[in-house]
Structures are given as C-alpha cells and as structure tokens.
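First, the structure itself, so that you have it in front of you.
First chain written, first letter: the chains are A, B, C and D, and each begins at residue 1.
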Amino acid sequence: MIKTIAVLTSGGDSPGMNAAIRSITRSAIARGIKVMGVRDGFLGLINNDVFEMERSDVSGIIVRGGTMLGSARVPGFTERAVQDLAIDTFKKNQIDAMIVIGGDGSYRGALALSKLGIKCMTIPGTIDNDIPGTEETIGFDTALNTAIEAIDKLRDTSSSHHRCSVVEVMGNRCGDLALYAGISTGAELVITPETGYDYEWTIKRLQELDQIRKKSHAIVVISEKLTDAEDLAKSISRKTSFAGRSTVLGYIQRGGSPTAKDRILATRMGDFAVTSLLDGKHAHAVGMIEGQLVSMSIEDTFKHKKKVKQDMFDLQKRLV
Amino acid sequence: MIKTIAVLTSGGDSPGMNAAIRSITRSAIARGIKVMGVRDGFLGLINNDVFEMERSDVSGIIVRGGTMLGSARVPGFTERAVQDLAIDTFKKNQIDAMIVIGGDGSYRGALALSKLGIKCMTIPGTIDNDIPGTEETIGFDTALNTAIEAIDKLRDTSSSHHRCSVVEVMGNRCGDLALYAGISTGAELVITPETGYDYEWTIKRLQELDQIRKKSHAIVVISEKLTDAEDLAKSISRKTSFAGRSTVLGYIQRGGSPTAKDRILATRMGDFAVTSLLDGKHAHAVGMIEGQLVSMSIEDTFKHKKKVKQDMFDLQKRLV
Amino acid sequence: MIKTIAVLTSGGDSPGMNAAIRSITRSAIARGIKVMGVRDGFLGLINNDVFEMERSDVSGIIVRGGTMLGSARVPGFTERAVQDLAIDTFKKNQIDAMIVIGGDGSYRGALALSKLGIKCMTIPGTIDNDIPGTEETIGFDTALNTAIEAIDKLRDTSSSHHRCSVVEVMGNRCGDLALYAGISTGAELVITPETGYDYEWTIKRLQELDQIRKKSHAIVVISEKLTDAEDLAKSISRKTSFAGRSTVLGYIQRGGSPTAKDRILATRMGDFAVTSLLDGKHAHAVGMIEGQLVSMSIEDTFKHKKKVKQDMFDLQKRLV
Amino acid sequence: MIKTIAVLTSGGDSPGMNAAIRSITRSAIARGIKVMGVRDGFLGLINNDVFEMERSDVSGIIVRGGTMLGSARVPGFTERAVQDLAIDTFKKNQIDAMIVIGGDGSYRGALALSKLGIKCMTIPGTIDNDIPGTEETIGFDTALNTAIEAIDKLRDTSSSHHRCSVVEVMGNRCGDLALYAGISTGAELVITPETGYDYEWTIKRLQELDQIRKKSHAIVVISEKLTDAEDLAKSISRKTSFAGRSTVLGYIQRGGSPTAKDRILATRMGDFAVTSLLDGKHAHAVGMIEGQLVSMSIEDTFKHKKKVKQDMFDLQKRLV
C-alpha cells in the first residue's frame, strides 16, 4: 500500500513542470497520501535532500516556468553505487513510490530504480517533444509559442529590409519545434533532423525564392546542431540578394509562464500518475496519445518510434 | 470537376480564421484551382461581393486575429429567396464549391446551400469550442490563453487584498472555456452550463473556502449567461469576508494573434478541406477527433453530442 | 538617526509596488539600516503585523505584479485613536521612519502620522496616474500596456464586423489612461473627466464617422464613472449602422508583471525615498517631474494641480 | 510655402516607426499638405521610388513593428553624385520638405540634403537609444521590454539549475539597453561600453557571488561587441560552480508591436516634425528632453554628448 510518494524533476527544465508538481501534490494529499519533494532531481535522491510538501507549498506555482524543486543532470546515476544511495533515501523517508518528471534520461534513471524495487511512474517533461510513448510533452506548446513570438518579431524587421532571417530553435533530435514553428509563421524553409540539412540544396532553394518567386524577405527555421546558423546566414548574403541574418533563440525557449495547454497537460498527467500508482502500475510512463491519457511500461516506450510527420512537412512546403 | 472554390468566414470571428483562409488559398492555387474570396460572410454571397484571391493577398495574415474577409450574421439566410441570391452569385462567378469557416449557424447555411446543389465543406471556427463533429475549434486555444492571461493578472491583485474575483468568460452553451481556464489558473470555483449555477451552493462553498480553508483570496470562473457577475460579486462581499469584484472579459476573447496551436489547426483544416473537396466530399464538415483530421457529413455532426468532461470537472475540484 | 525603516503598501495595488519594496529593502540594508515590512497597509500598523525583511525576502519579486506585503484600505485611519495604535507599533518595533507606497489616500495617512512625529516618505503607486506632485506614478505604464493589448484585440474583432467597441478603462478622476490608450490604439473617440461626457455630441460624432467618413469600424475609449458603457453601446447600435459592443476592462488593469518602465521607476523611487530620509527629509513625497526624481512636502503636492494635456487631446482628434 | 512633404525611414528599423509615419501622414493631410512616401529609405530617393500617401494607407499600422515604407542603408549617400539623384526626385515630385525617421546615419544624410537646399526634419528612430539631441528614441522602450521578457524567461530556467546566464543585448555604442534591462530584471552584473569589459574582474565578481554571496543563480547582461558571450559563459563554467550558458538576443529586439510609450512618442514626434516644418524650422532634429518635445539644429545634436548615467549604474550594483 502506498502511503508516501516522492516527486522530482530531472534533466532540462520545461514550462509546466510546476503545474505537474502541484497536481501530484494536491492529488495525492487529497487521497490521504504524503508527498516528499526531492530537490535538484536525482541529486536530491543521492543526498537525501527531501522535504515534506504541503498543499500550500504549491500555491500559485501553476503560472510559473521552471521547477520549484530544481533540477540537475546526474550522469553517474547509471552506477549501482550511486543508485544505492537513492535506495537509502527512500528507506530513510519511508517512500513507497516516486514520480519523475523529465526527459528520457530521467526515464532511464526511473527504470533503473524500478529494477531495484522502487515503484516509479514517469511523466514526459521537455520542450523538445521527443520523448517516446507520448505525442505531447509538457513544455512543448510553451516553447513553440515562445519561438513563434520571436519569429513574428523577426518577420517585422526582415520585411523592412530585403532580409533572410535564419532562426535556430531547439529540438535535440526531433524537428517538431522547427516544423510547427515554421508552419505557424509561414517560414519559407524548414530544416530538421528529419529533412536533413543539405547546404547546396538550401542555397539553391533560397535563390529560387529570391530571383524567381521574388520574395521580399524570407525566414528559414532550422533545428539546433545541424549547422552554424551564422555561417549559413553569411552564405545567404553572398549567394542571394537577401541580407542574411541569424538568430539562435536558445534558452529563452525553456522558460516563461506555461501556456494553457501545458498547464492542463501537466495537471492531468500529474493526477493520472498518482491514480496509476494507486492502481498498482509502476515502472510505467504517462503519455498522451490520440488525445487520451495512457500509460505504458517504460521499456515499451523505448520501442515507440515517433513517426515522421511527412504530411506536415509537405503542407509547409505547399503553402510557401 | 472543381476549378473554382469560394471561401468565406461567417458568424462570430475567431483567431486563426486568417490562417485557414491562407491555407485554403495557397493550397488550392498550388493545385491549379482558382479561389474567390467572399466578403462579410453570407452577406457577400447575397450581394455578389466577391473577388479573386492571389497568393500574395494572404501574405503575412497568419499572425493576425480577425478575418480579412470580414464576417456577418445573416439571420434571413434560412429564407429560400435569400438563398437563391447566393446561387446566382455562384453562377455569375462560376464557383464550383465553397468552404465556409464559422460556427454551427454557418454549418446550417452551408447545409442549406448543399441541398441546392452547391458543394460545401465547413471548417469549425469559433472560440467557444462548441461545434459538433470536432473536439477542437479554430480560435479556442487563443481565447483560452487570453482568458488565463487576464485571470493571472486578477490573481496578482486579488492576492494583494482579501478578494474574491468573479470572472465571466465566453462560451455560449459550452463550458469548455471556463473549465479549462479554471483548471489552468487554479480557480477555486468553476461554474458552467454543464455544472449548472446554484446561488446558495456557490455562496456556501465560498464561505467554506473563506472560513474553514482560510483561503487568502479566491477566483470564480463562470460561463456567460448563467448569472450577473456583478450581482454575484456583491453577494460574496455581503456573505463572506472576501471583497467581491467582478470582471466580464468580453470581446477581448475574440481577438489577438492566434496561438501556435490555432495557426496549425487552421492551416491543416484549410488544406484538408481543399483536398476533401477534390476527393469528392461535400456537405461535409472538417473536424479534429482524437488527434486526427476527419470529415463527416454536416448532418452527422448535429448528432455528435459533446460528452461532458466529468473527469476534468472532478480534477478541478480535487486540486483546490 | 535612522536605524529602522518600515515599508508598507496602501490603497489599490499597482504593478511595480514589489519592485519598490525590493529597492527600499536592499537599498536600506546596503546602508546598514533595518527594514520592517508591514502587512496589509495601515491595517498592519494598527495590528502590529510587522516582520523584519531580509535581502532574500525580495528575491525575484521585481517581476511580479501585486504587492508581497498585501494592501488594504483603512477609512478609519483619520481617527486619532486609530492613529495612536500605529504610533504604538512604531514604538514597539523601534521604527524611526516609514515609507508608504500608494495613492493619495495613503499620502493623507502618511501626513497624519508625520504630524504625530513619525518621519514619513511617500511614493506614488497607482495605475491611475492621478497623484499630485508627480507626472508619473508606479503602475501606470503597465496598466496602459494592458489596456492597449486588450484594445488591439478588440480592433481585430471589430474590423471583422462593422462594429463600434466602447471600451471603459480605469482612471478615477484622471483621464490619462483613456487618453494615452486612445492615442496608442488610434481610437476614434476618447472621453474622459477632462473632456466631459456629452451623450448627444458623442452619438453625433459617431454618426459622422459612420456616414460621412465611412469608417468600417470604430473604437471609443472612455474613463470609468462617466456613463454605463453597455447603455452607450446599445445607443450606438440604434443610432448608427455600427453594431455597438461594450467592454469594461476592469481589474485586469491592476495586475500583471510590471513593464520595464514601471520596474525602473519603482526601483529608482524606492532608493530615492531611502536616501531622502537619510538626508533628513520627511513628510515628503517622491515624484518624477520633467524626467527628474524630486521630492516635495506632502502638503505641497496637494497644491500641484495636474495640467490638462490639451495638446495631446488635440493630437488624438487630429489623427482620426 | 510647404505643400508637399516626403517621409522616409532609414537605417535599422525600430518599433514605432509606423506610428510616426501614420502621425506625419494624417497630421500633414489634416493641414492640407500632400504626403509622399519614399520606399526603402534613401534608396527610394535615389530611384524615385515614391508614392502619394492617403489617410487610409496608414490605417491600422500603429500596432505594427517594422516600417511599411521599408528601409535600407545607403553608404554611398555621402557622394555628391548620389545626392544629386535625390534632388532630382524632389524636383520631379515637387517635394518641398522631408521628414527622415532613423538613426544618426540618417541624420547625416538629412544634413547633407539640407545643405543642398532641401528642408529636412529628422526624428530619432532606433532601439539603441544612442542618438544625440534626445533622451529617448523611438523603439527603445519596446526593445527594452522584449529584452526583459526574454531575460525573465532565462531567470526561470537558470533558477531551476545552478546556472549563470550571459545575455547579450543590442546597443551599438550605448549601454542603455543593457543597463535598463539589467536593473529591470535584477541582473547580478551589467557590462556596457560605459563600464568597459574586464575579463578578470568579471570572473572575480562572479566567484564572489557564487562562493561568498551564495547566489543560487545569476544573470549577466552585456552589450554587444564587447566580448563573445559563449566564450564568457564557458569561462564561467570553468572558474565558478555556476553552469554558464549564453544567449544572444539578436534581431528579435528590433521587432514586435510597439509599446504604448513608443506609440505615443512616435505619434507626438511625427506631429511635432510637421508643425516644426510649418513653423519654418529645417535642418532640425526632433528630440525629447526632460519630458518636453524640442527641436535643435542637426549640427547641434552632434555636440550633445550623452551623459553617463552613473547613478543608475550605482543603483544596479547596490541592489544585487
């Protein structure tokens, strides 16, 4: 029987994590379960940095980006010795189960602890939307809207000059941020891990847009880690009549007050994680698939390859 | 064979309508189809107020709220004589098919024209999220975020005083805006057509929150047309120690630059409407159900009752 | 010699009050002075509801609307018996001086206490911009930007229909919010305490804009307490071809994260109040006049009548 | 006698330029003067790319960033031959006077034309706030608010991790953006052309904040062109326990809907430029000094050195 649940946030933070913490805390307390907050992700498990959470501790946090518990990456968590420290923390505080909100690095940490007997549920929290086992992750909608607000501003200034803005957005191995931001802002070009990046083809396409389509300005949205945005911008200046400018949106995509969609997703997932634990599920990951809250074993999530959204890529091109 | 498509927006406007107009226009032109824009909804059909739309006409409109075509309500459209004027306009301009973006009043208008031989597709555009045959309507996400930004501001000022803010949001017969806004802002009370409004119960609940739960401030989110928000606020001042204040968000919920979600929904639905027409569908409504774009006959949509989201109402109460 | 300063916020709250509290706290502590926060304005003085403020208490509050100290209106503060309770609180906590952030009701409270020997400085905090002795008040810029964001959204939806939006903004006896919001949004009509409200003239002007100027839509910005906005909207529907709609922005104008201008104004004024006290000033009010921080006796402020900004009213009309 | 005025925007665009164009256009037309819009700054003068502006051309542009006339930099404008082409354009279109909105490069262009007999007025438009002869430039307030919104988001994510965010903002030779953004966001460190950049001192200061002041996270705001932000962030990671991250806000600072302050400043300056021309002024620059609209000869502006805001730098440091 579950009497005490621990909650922690791990990996990169994302907007909506606080809403999930709030939902877990109040949902559990409403069911007579004690909640222990763990500071700084798995680091807090290692250092026994935990505290009992009251309903009032989560007052007002639903509007805030970031995570009130803090987060950290702990590469060494794959080591058994390190995991044993976590087990100690669980025993000292009589924690029966744990809910981890984070990216797939957090999923692996939770899976490891599950194998050592800790009942874990995971909740997908990352702005990249790249966690298997779910179509939506907490923080993606907010990061997307941050990106489109920024690109809308770039459109203002690009259209005042004959400019091509190259905008680099986040998305570690997943082009969703770039794709959706590109469609939402009417970008002329979208380059992601899924499309691949071909320098020659990119320049040729921009020359077409410049000379044949006679576009007065252009926006290129590109995922991180594919090329240097400033180098590309400079090439564009040299090889087209556009004045190339680059912007790397960076860490602003990680912060900000969560959108309604992220607040609701996080709130529902948090509550669902609590009820799933009480229903006897563990070593499971919460997900949103086809508009339904689901849970599947963490191991099964790793098998869930995300399908390339070919129709969306085609749609983006068709509307340029 | 479809060579010319008309597009019009009808009923109350909603953010994202422009994105749909853009998507329809460029999607059709990309497929060699001519597009005629109709001004001011069905009024333009009656008055032959139409014009050919070029790709460039929709440049930059994806970011704008409202509808570039204008909109109007035409109650008299149920009259056959009036409908015949519309048929004339179709003939004069050699229009083969029409896409209507609007609420269910627009659906009925489109259905009437379908029965007179015009190939129509409808797209759900309203902030109320109350159109049958779809789980999401264009404009809802933006209105929801407008509402939560406003309520977040009210939370600032309510918490500086021992205040209870009664916030009235739109939602003609559908409590989704109030429910989602209530969950997203941690509102203490949510009152919608689905919950019904009971004055005695409402006051009693607020007295509990005031005297037993000792809440320092409170937010009540209520759908329009259930009661006078100012009267309720005054009652709250009299019967609790909260200072009651009312705010009717009103028409600001109808405007503003659409969110990413609405831009994408609108863009996808617009393109889907075009391809559906080309696939031979007509008298059909586009919808988003379980994360998939679908179409069903307009008549079938009227049979699709929206299920009350009981789990969401329970979740909101559980987290207070 | 001043060793301990109390700080309180009084009257209606306004965005930027927290920035002023932060600035006062850290500025004083940096100079070796102890700071006592008073909860809920003058109520806290009456009830000895005070606490010592640390640097860390004001971490992160610069971004938040509202006031972390809370606020309340205390009508009875004009009574000597009530004031004596405040004097007791000062003695118990060895408070040498006090800084009050609020509207002119707060100025009167501070003046009363000054006459009983308490060294007071006041800082103008209100969204109405109507405090004598200063051209700018903390919170005005934020409320103004909240208003223009709302009116920009109304413009979207008004222009989609042949609509006239009547927007009521705050501004108790001062039309600055309405005037500046009207200029900033290109409103067709601005009605304030300074212009006066004349129903016949208003309708006549709107009929001109409708029939002669052929405006497709119109915005009327009106200060609170001049007329019922909904009644005016209904009259407009009856007497022009515009569809009249009303919106009362209400309390959302009081909240929200302060703009840069308000954060800077508040930060500078807070620090200036501290240095002024240390320079021996008291029973003085801080103000911003012609871009300079100044202080003048509270009594002198009451003599500083605000000049009607006739050139701005003329400018607004000229550009319609 | 002035019958026709040309208006152009030059140099980097800034939010509020459209509001100035609108104000100039309607103000002049209201006084019976014809207005010619010049496309793409001085380039349009060279190419006779001008058109008559109607009142309706500027409808709705007050809310938009960028400039509807476009802008370009024309380095060759110092050449007499090039200037003569501009004189031709003036003659062909019977232009009596010109209003230029832009940065000090534009001022020099306007001065050159003044010496050849064209009556010019200039209006300071740049986000950098670095134009002599005025304390405020059109676009600065908006860029500042864009910067603080971005930095507020970085604060969310920095505080979730033990992070130091290095944020580079614009400000070619003027540290106002960095200074005001730093004060507004409670940044721990502000580095500008006025403070100078000293690597050793910067690292030492951050080590103090890390080890002695035990700050959980930190923000460094730095003007462009002083150092490579990413290199500094990496050094911070190596030499403190903070995880250093860099963000270059870039061109998003140039776009976006102008704030109320910029809309009003631009509107007033535009109208003032028109009346100044009608009053016989020319080769003059409009400015805002101590809250008053003024004009002075363009040559005099170059003598107006901006004073270093030492008190504001001290204030920023005192409140850390």
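The rule is simple: contacts are C-beta pairs under 8 Å (C-beta built on N, C-alpha and C of every residue); 3 or more make two chains touch, one makes a residue touch a chain.
The structure displayed is predicted, hence computed values, not measured ones.
Listed by label, the chains that touch chain A and also chain D number zero.
Ranked by how far their CA centres sit from the centre of chain A, the chains are topped by C.
Rounded to whole angstrom units, the spacing between the C-alpha centres of chain A and chain C is 39. The centroid of the Cα atoms in chain B and the matching centroid in chain C are 35 Å apart.
Per-chain CA centroids place chain A at a distance of 28 Å from chain B. Multi-chain contact residues of chain C (touching two or more other chains): 152, 155, 159.
Judged by the touch criterion defined above, the protein chains form a single closed ring in which each chain touches exactly two others.
Under the contact rule stated at the top, the pairs of chains that touch are A-B, A-D, B-C, C-D.
By the touch criterion given at the top, residues 22-23, 26-27, 30, 59-60, 62-63, 135, 141, 144-145, 147-148, 152, 155, 159, 180-181, 183-186, 257, 259-261, 263-264, 267-268, 271, 289-292, 312, 315, 318-320 of chain B touch chain A in their complex. Across the interface of their complex, chain C is touched by residues 9, 13, 15, 17, 64-67, 70-72, 146, 150, 152-157, 159-162, 165, 245-252, 254-256 of chain B.
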